[in-house]
Amino acid sequence: MTRTYRLLVSCPDSTGIVATVSDFIARHGGWIVEANHHSDPVTGRFYMRNEIKAESLPFSAEEFKKHFTPIAEKLSLDWRINDSGIPPRVALLASKEAHCLSDLLYRWRSGDLKMEIPCVISNHEDLRSYVEWHGIPYHCVPVDKNDKAPAFEKMTSLLEEHSVDTVVLARYMQILPPQLCELYASRVINIHHSFLPSFVGAKPYHQAYERGVKLVGATCHYVTEILDAGPIIEQDVIRVGHHHLPEDMVRLGKDVEKSVLARGLRYHIEDRVIVDGSKTIILG
Amino acid sequence: MTRTYRLLVSCPDSTGIVATVSDFIARHGGWIVEANHHSDPVTGRFYMRNEIKAESLPFSAEEFKKHFTPIAEKLSLDWRINDSGIPPRVALLASKEAHCLSDLLYRWRSGDLKMEIPCVISNHEDLRSYVEWHGIPYHCVPVDKNDKAPAFEKMTSLLEEHSVDTVVLARYMQILPPQLCELYASRVINIHHSFLPSFVGAKPYHQAYERGVKLVGATCHYVTEILDAGPIIEQDVIRVGHHHLPEDMVRLGKDVEKSVLARGLRYHIEDRVIVDGSKTIILG
Amino acid sequence: MTRTYRLLVSCPDSTGIVATVSDFIARHGGWIVEANHHSDPVTGRFYMRNEIKAESLPFSAEEFKKHFTPIAEKLSLDWRINDSGIPPRVALLASKEAHCLSDLLYRWRSGDLKMEIPCVISNHEDLRSYVEWHGIPYHCVPVDKNDKAPAFEKMTSLLEEHSVDTVVLARYMQILPPQLCELYASRVINIHHSFLPSFVGAKPYHQAYERGVKLVGATCHYVTEILDAGPIIEQDVIRVGHHHLPEDMVRLGKDVEKSVLARGLRYHIEDRVIVDGSKTIILG
Amino acid sequence: MTRTYRLLVSCPDSTGIVATVSDFIARHGGWIVEANHHSDPVTGRFYMRNEIKAESLPFSAEEFKKHFTPIAEKLSLDWRINDSGIPPRVALLASKEAHCLSDLLYRWRSGDLKMEIPCVISNHEDLRSYVEWHGIPYHCVPVDKNDKAPAFEKMTSLLEEHSVDTVVLARYMQILPPQLCELYASRVINIHHSFLPSFVGAKPYHQAYERGVKLVGATCHYVTEILDAGPIIEQDVIRVGHHHLPEDMVRLGKDVEKSVLARGLRYHIEDRVIVDGSKTIILG
């Protein structure tokens, strides 16, 4: 894999933005391997992602920032740049169910998802041996349902100790407290086992069964304080019928959950997502 | 197409139902071309559809009823039998938008959907010429939004005059009054332009846009008194993204709407649907 | 719909192309409403599509060409610019089957596809009345299977008389002669009723049935001299099973054919397709 | 899970088959939890699968055979009965790639696929530690490309020692010799990384890339002596575009491969597949 810098930009739309930014890149010899633009006529904002070969530029991502800042200020850009050579540190949170966790660990160990996994945190011991086979530290942090605060304090410390960038709720089944959502705003990714906004909350497959829907789905979204209402990154569905009981939907749904979570996480890791209020822009 | 009788049965589940019913059919030489069964372990009910070559039986559908009644009573069957040689009379209701209407008229004139269309009813004149080209009577029944009752009385009369079996709301955009829903219970089919139960009511694509979903869909369902809450017959979705405005979703959604409505109507016309409370069983 | 110019560019990849082109557009005040780029690391070519608001530029598409030519020459660009205000003139060729034709005519009359249809040409009379209801000239050009040349000469004349830009084979069922393929290179669009390259040639659904596949599909492609081997624009599939006979596959396939053809034609009409040897780049 | 007997039947179609078989089941108090029928009008054969609660019958699957044999002979049935309480013994064959193997092992250890895995056989050592963590014996049987016979003899012995019912080629990458195909006829399941019959043989994603297809897929099929030509059990596809290189297709394809293989294997394990010449009937 070629090492690249990923430059993400969002700003009020006007003429000349692409010209100015691409001129800056070209002047320094930057070779763009992938570019994606989006103009939103409703909000009047413009979004751009450029993926530039690292070796084609005469400076590091840090130095890029210094040189680019004056331009960014002139154009009123919200922007960030990331170096693909420094993979994000992603903590996985799980409960007892392993379908999403197993799938993500496979994608990590096979190099399919370019990330580091500094630790797995669970409120149960069930998955310890499997995780530890991978050489990844496993922290069991039980949650006392009458006093959840200590568990989330402990978890916050662990995330800090492990210098975690992104938290993935791989069917963690616990609601994170608001301060943790804020601390990792747009960096906590959840997989909800329904096609949101249908069937918010608990037991969505049972709700789907009761309503008699012909498709069930899963939704990968950023976690915010409001349950199951954060910006949606990815969704998919699978066909069901009258012969599927809730437990069949649970089984079929697992396949959708794991693939939707993996796709959503990939967009995040590859710096393709810009959060825009209650929605996401996926550039790529 | 071979002419067939379609026998639909629903009853409390127990041993011997299939044996008894198939013995009755076999004793009279009935050749089953398609059979579908379903046992629901939650409700404890059993559902069965048999499609029998008409010419293999020594009697008509009417006579079948006479001979079968004693068996049906012994087994406490809810049942019906329909003759594929007598196509259902389906009235299409439309407003100004023609995507569903055009698609259904094509399927009718090409023989793809085996039905008669005794009339099209609309609250506007826009589609008259197109419908009349097909040789189908077109009735324009404007709806006064301050006094809707006369329009629906007129419509009810028209449906009766035309001996209508089934009413299809092909994007009709008006809410039918409860008494009409009741009169044609499980015989009024609507296409809703969202993946229900998401986005009930008006402007679902705009609601979908606001929520930032990654798939939009359509739902074909039987109409009941409660808006958009009737038993779902068929659903499907299509992928959308941040670059789709509400009007793009409207355009993309039309393709899903017309195919979902056509599939749902096919199940209904081919006697494959059993309504079971708030849900449907689709046998086939 | 805002009137736009669509600038399509393809050239050897190097740094500075986007900067130079977007600088040209920005210098003249051009407002880019949509931009798509693609770098192909295998062929080393770069592809770009810019959609620019017509009213934001001080010149017409013709004048744009004059001003842009020096830049294009310097960068060795293959390029074209089209004005969305001048819709393409698309001739539809059909035989007896109307599913694709009806669908395209609906999309035309509802404004869903922005094109003109100067004429429909068929080797049969069957669809005359339907087409003429739309106010579109219908030419019946029978093809003598022992001497096809006169028919194709007649057809070529008709296409010229009607100033046709693009020819759509909407299940036309005849093989066009090489000289016609050449005359309208990358401008004749066919819908093949299989998921190419499976089941080239005649009766693809019967071939699919024999092989026992679990999905059947359709392929929209540009026509070249080699049967069913031209650059693919769009494809899709639908699930089938052991209970589907070839005639069922034909029926189900029609729905895929018409939607795949409509999507492929849309890409073409919106100037999103660049033919690159035996393949297509779809920008958007 | 309720323990069930699965009775599969195939025979020349005629009247009275369902009546006779279901009468037999009903007379012994058999509670049918799922029934599926199929009449093939082309071959004139009838297929039936009945899943019967084991505890509702007064005898074992073995005794069922004894009692049912006279009926089966009278009706010229091909038939088999399996006890869901005796899970099949499935050997997994793999090479170096772990996506299918990991997925199947997860489905096994989570109880999602009801099977035993007596051993994993590979021509490489790479996956030993992962497999052995599961407590499953791992046999490395290298294949000498100049003399493959000894490896396949060794493998045949291993399959016999482990009393293997079904062999799954989870991306094994070696062609099995004809005698092994015959020995396990309709019991060796392969996952081919293309939408067959497109792209038979090696490097199908590269072939797909060359042809410029817009969808790539995977095919789960029974292995026969003729490469990639055995009866297809399941297939699926995923959308690709001009921006996907062969290596991207490989990555995307892995997700399809593993889910198609898992679905195909499930049908096999649940006794839902009847092989009918070059095709399969999937009952359920």
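Lettered A, B, C and D in written order, each chain numbered from 1.
Criterion: a contact is a pair of C-beta atoms (placed from the backbone, for glycine too) under 8 Å apart; a residue touches a chain by one contact, two chains touch by 3 or more.
Chain by chain, the UniProt names read as follows: A, B, C, D = Formyltetrahydrofolate deformylase.
Model, not experiment: these values are computed from the prediction.
Colleague: Can you check which chain pair, A-B or A-C, has more C-beta pairs in contact?
Modeller: Of A-B and A-C, it is A-B that has more C-beta pairs in contact.
Colleague: Average the CA atoms of each chain to get its centre, and name the chain whose centre is farthest from that of chain A.
Modeller: B
Colleague: Find the geometric centre of each of chain A and chain C from their Cα atoms only, then give the gap between the two centres in Å, rounded to an integer.
Modeller: Inter-chain centre distance comes to 37 Å.
Colleague: Counting only Cα atoms for the centres, state how far chain A is from chain B in Å.
Modeller: 41
Colleague: Can you list every residue of chain B that touches 2 or more other chains, as numbers and ranges?
Modeller: As it turns out, chain B has residues touching two or more other chains at 34, 41, 243.
Colleague: What part of chain D is in contact with chain B in the complex they form?
Modeller: 15-16, 18-20, 22-23, 25-27, 29-37, 39, 41, 56
Colleague: Which chain B residues qualify as touching chain C in the complex?
Modeller: On the chain B side, the touching residues are 34, 98-99, 102-103, 106, 110, 112, 129-130, 133, 243, 251, 254-255, 259, 262.
Colleague: Quick check: in the complex, which residue numbers of chain D touch chain C?
Modeller: Residues 38, 40-42, 195-199, 210-215, 217, 231-237, 241-243, 245, 276, 278-282 of chain D touch chain C in their complex.
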